[in-house]
Amino acid sequence: MTTFINVSELADLIPNGAYIAIPPEYSFVPMELVRGLIRRNTKNLSVLCVPIGGMAVDLLIGAGCVKQIEAAAVSLGENGLAPRFTDAVVSKKIKMMDSTCPAIHTALQASEKGVPFMPLGGIIGSDIQAHRDDWRIVDDPLGNGNGPILLLPAIQPDFTIFHSPLADRSGNVWVGRQRELLTMAHAAKQTLVTVERITDENLLANEQTAAGTMPALYINAIAEAEGGAKPLGLTDCYERDGDAIRDYAAQAKTDSGFDDYLAQHIYTNTQQAAQ
Amino acid sequence: MTTFINVSELADLIPNGAYIAIPPEYSFVPMELVRGLIRRNTKNLSVLCVPIGGMAVDLLIGAGCVKQIEAAAVSLGENGLAPRFTDAVVSKKIKMMDSTCPAIHTALQASEKGVPFMPLGGIIGSDIQAHRDDWRIVDDPLGNGNGPILLLPAIQPDFTIFHSPLADRSGNVWVGRQRELLTMAHAAKQTLVTVERITDENLLANEQTAAGTMPALYINAIAEAEGGAKPLGLTDCYERDGDAIRDYAAQAKTDSGFDDYLAQHIYTNTQQAAQ
Amino acid sequence: MNYKPEELLISVAASLLNTPDIQHVAVGAASPIPGAAALLAQKLGGGELDVTIIHGSANNTFTDGGRELFDCAGQGRVHAFFLGGVQIDGQANINLVGTGNYPDLERRFPGSFGSAYMYFTVPNVILFRPEHSRRVFVEKVDFISAPGVSDPGIQRTGGPKAMITGLCLMSFNAEKAQFKLESVHPGHSVEEVLDNTGFEIDIPENVLTTAVPSDEHLKLLRAEIAPEIAKTYPGFAASVFNIKSAA
Amino acid sequence: MNYKPEELLISVAASLLNTPDIQHVAVGAASPIPGAAALLAQKLGGGELDVTIIHGSANNTFTDGGRELFDCAGQGRVHAFFLGGVQIDGQANINLVGTGNYPDLERRFPGSFGSAYMYFTVPNVILFRPEHSRRVFVEKVDFISAPGVSDPGIQRTGGPKAMITGLCLMSFNAEKAQFKLESVHPGHSVEEVLDNTGFEIDIPENVLTTAVPSDEHLKLLRAEIAPEIAKTYPGFAASVFNIKSAA
């Protein structure tokens, strides 16, 4: 059964040391929940970026919430390097597990299908693979002479978190074309979602909306959070706020600038978010 | 580039001996195209039912179009056994490769991902597996002590064929929740589609319809065929015609009854279909 | 209140689903009695039980295509499922393919469907076969669509828990690889069960009589479940409940 | 007609895409020049070239989530793709991770993205790096995000075909594992290329000068491609084409 709570309660469900999966920056990033995690001073998170990280994970790193990251890349896109990430990796404040986009998708699909591993083409000879003790290269196990192939162990996050435009009262959530969210939810033990709004219509009641809907079966809790992806964009709701992200990129270049950012943009809003 | 042709021309694209994949009976079955294949006397087809076959494959078998079938099951559902299928298997007119539903989905996903095989849990100790020379059981290749696991070689059909309610002028096709159609198209060398109608709207122009749409990239040719899934049902368009299927089930019990069915329901419509 | 044989079977199956371990039951193709049982159990549990009826779109919230049922089971999210069998033997091996020496079959049936996978991944598989005869319940099935038990080295989180027939309810003990008679349906006897079963069953000293459906359950079934199941199985609903589908 | 450096690079990249082998080009994240080149090539080819720009939803027909690009490439349906590199060496190894002795990095860059897979599966990978310097074009990369060549026993249908820099166009010969200078951009020289490259290049006797964009192409680019690319890369379109996004 999906429960309906507020964002602060949602953040409380994620304990210190949890392994969380976050979607890529172009949409559905649960920024308000990320701010909630920072506000409650969550520690030692392992973060899986699916497959690329950006401002969300940079904030979590800067705020000291993160122990380890797995990602194919972390960047602020047009706004350049993710400053807290690059600093933390070079100074070894966090452990970085370098991966590559399809390896993350594939390892989640392994959990989605309940198998311990999945094969992936390519990759062999990359230093990514050379530094991953958990990955295995085996000679074609079918014995058909296809040569060596990479096997990726299944990834099962404790929590998949994302922000969607819309949920219904049954707990079904719109994901549209962002199908990796489905695989992330299938793979994770629990899925926590924030939404712009909750509708009285049942999203599964007609085939058009059903096609882009994640059923409540996979969703443990939902919180309403208007503007919950801001300053990032949300498909069909709002564009990313380029100025705000540029300001963040500039401020986060230094420790003190980042602290100022937290004070201005995160700790001030506690009251509002708790309602 | 997707080309727009008629059903008869679509059938002409499938040569004797082709390996075709067909969706399950509950929706999207390209019955008019199947009738087209029978009309042009297509021979030696290998048919993959994804994962279950019904009236479509029973018709093709009865009409002598089929050399081999791979399926998890073939039946007429509430109308009982598929008579031409059961007769052809017992009398060994066709080769039946028994499989199980998730094995067919998984082997298509292997082709979708361009890998030579994929693992699947369960199955071990089943006589299905005992009779499949192409399947392999290997001891946990990750070396994590997870025990033996089944590896399925990728399945790549020559053609995926289905019938959809709607295509647009760019060649994008509505598939809704019937996501196995996407995997089938991704896995196959070519995809041929019939549709109830073609719309001037672009299905990818808004996120709601985009979420349930297969992009033209995977579709080689489309033919308009109103009622093209009948007498089976088509989601949101028409229910299955229970009486027609019951009549088929009764007639197809004997060779002569089946021949009568072909004469009444398939060969008579040649003119109409060729237009 | 009088009840039909189908209503008894629905009631028995629903009772097996009302346990805290089972939060999600899935029902496969062409299974009207299991489907009705799942919906009845959901109603009796106050809506806490998730029910997925694969066949059709009523009571089916899956949106990821035909593979979602199997992926969902592989994730451990399907807690109960029903399977049948052309033949079922004493080790709970089921045969859905045919009789004879495969591939030289005497009679061919549809095929194994997803049984070979669901039997391994769903912790509470309920075998369901109304025809209780020596033709069905054989010493050894001709073809194992899905094995009842597996060697300890094989990854297996699922398997048979119980079997419902037209005569009785049995439980299955995976360690002993044996069925045990739990209750005999009203009007039938232990002897009748033994006479019509081709394999050894564990028979306890006191065999219960299967509880008949309560009036309350029958009312619920006829008033609320029947129209719901008619959306998926109009033929069944018409013949058992005299209900016509709206479609 | 005058042209900007970016317009030359777009024109060169577009010319590489206009071959019958390439029916579908995909463009990854943060690649405005490759994106514009793909759209220009599509226009020049009369719309026959499929273009997928992953970043955003304009010119992106994928509907199967983030994995579709990679699945599509694995199926052999992506015929051209662009990759960059913090460092690129003479064997076409690319480094997108950082400099220093991994994991003891001096400078950290975003990471490898999908390069380690796309390089193996896309037959025409075009390396693209405007900064042509010995800092970028090193003898040996510090970290191989994706290897330029593989042993014959490794399944590989893709790899580097060409490299576009701010100074020149090179082709890549996988058998020799070596770049060859194809043309030097107007205003630059072979010596300048050699001075700024940290690895050996095959230099033919006659090195061509890179063709400048024709007036027709420039008009097309500015009038039709610029507003299109602005949908995905508003910042780039504003600075190069002085175009404001409608969004």
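Each chain carries a letter (A, B, C and D) given by its place in the written order, and its residues are counted from 1.
We take it that contacts are C-beta pairs under 8 Å (C-beta built on N, C-alpha and C of every residue); 3 or more make two chains touch, one makes a residue touch a chain.
Please read all numbers here as calculations on a predicted model, not as lab measurements.
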Pair sharing more residue contacts (C-beta pairs) when B-D is set against A-D: A-D
Distance between the centres, which are taken as Cα means, of chain C and chain A, whole angstrom: 40
Rounded Å distance, chain A centre to chain D centre (Cα mean): 28
Distance between the centres, which are taken as Cα means, of chain D and chain C, whole angstrom: 58
Residues within chain A bordering two or more other chains: 106, 109, 113-115, 120-121, 146, 149, 177, 182, 207, 210-212, 235
Sequence positions of chain C contacting 2 or more other chains: 57, 62-64, 70, 74, 121
Chain contact graph, described as a line, ring, star, complete graph or other shape: other
Set of all touching chain pairs, with the criterion as stated earlier: A-B, A-C, A-D, B-C, B-D
Chain C - residues contacting chain A, complex: 24, 48, 50, 52, 57, 61-64, 70-77, 121
In the complex, chain B residues that touch chain C: 24, 26, 50-52, 71-75, 77-78, 81-82, 85-86, 89-90, 92, 96, 98-103, 105-106, 109, 120-129, 131, 146-149, 177-183, 235, 239, 242
Of chain B, residues touching chain A in the complex: 106, 109, 113-121, 136, 138, 140-144, 146, 149, 151, 153, 175-177, 207-212, 235-236
Residues on chain C engaged by chain B in the complex (per definition of touch): 29-30, 55-57, 62-70, 74, 96-98, 102-103, 105-121, 143-147, 150-151, 153-156, 158, 233-235, 247
Chain B - residues contacting chain D, complex: 1, 111-115, 172, 182, 186-187, 204, 207, 210-218
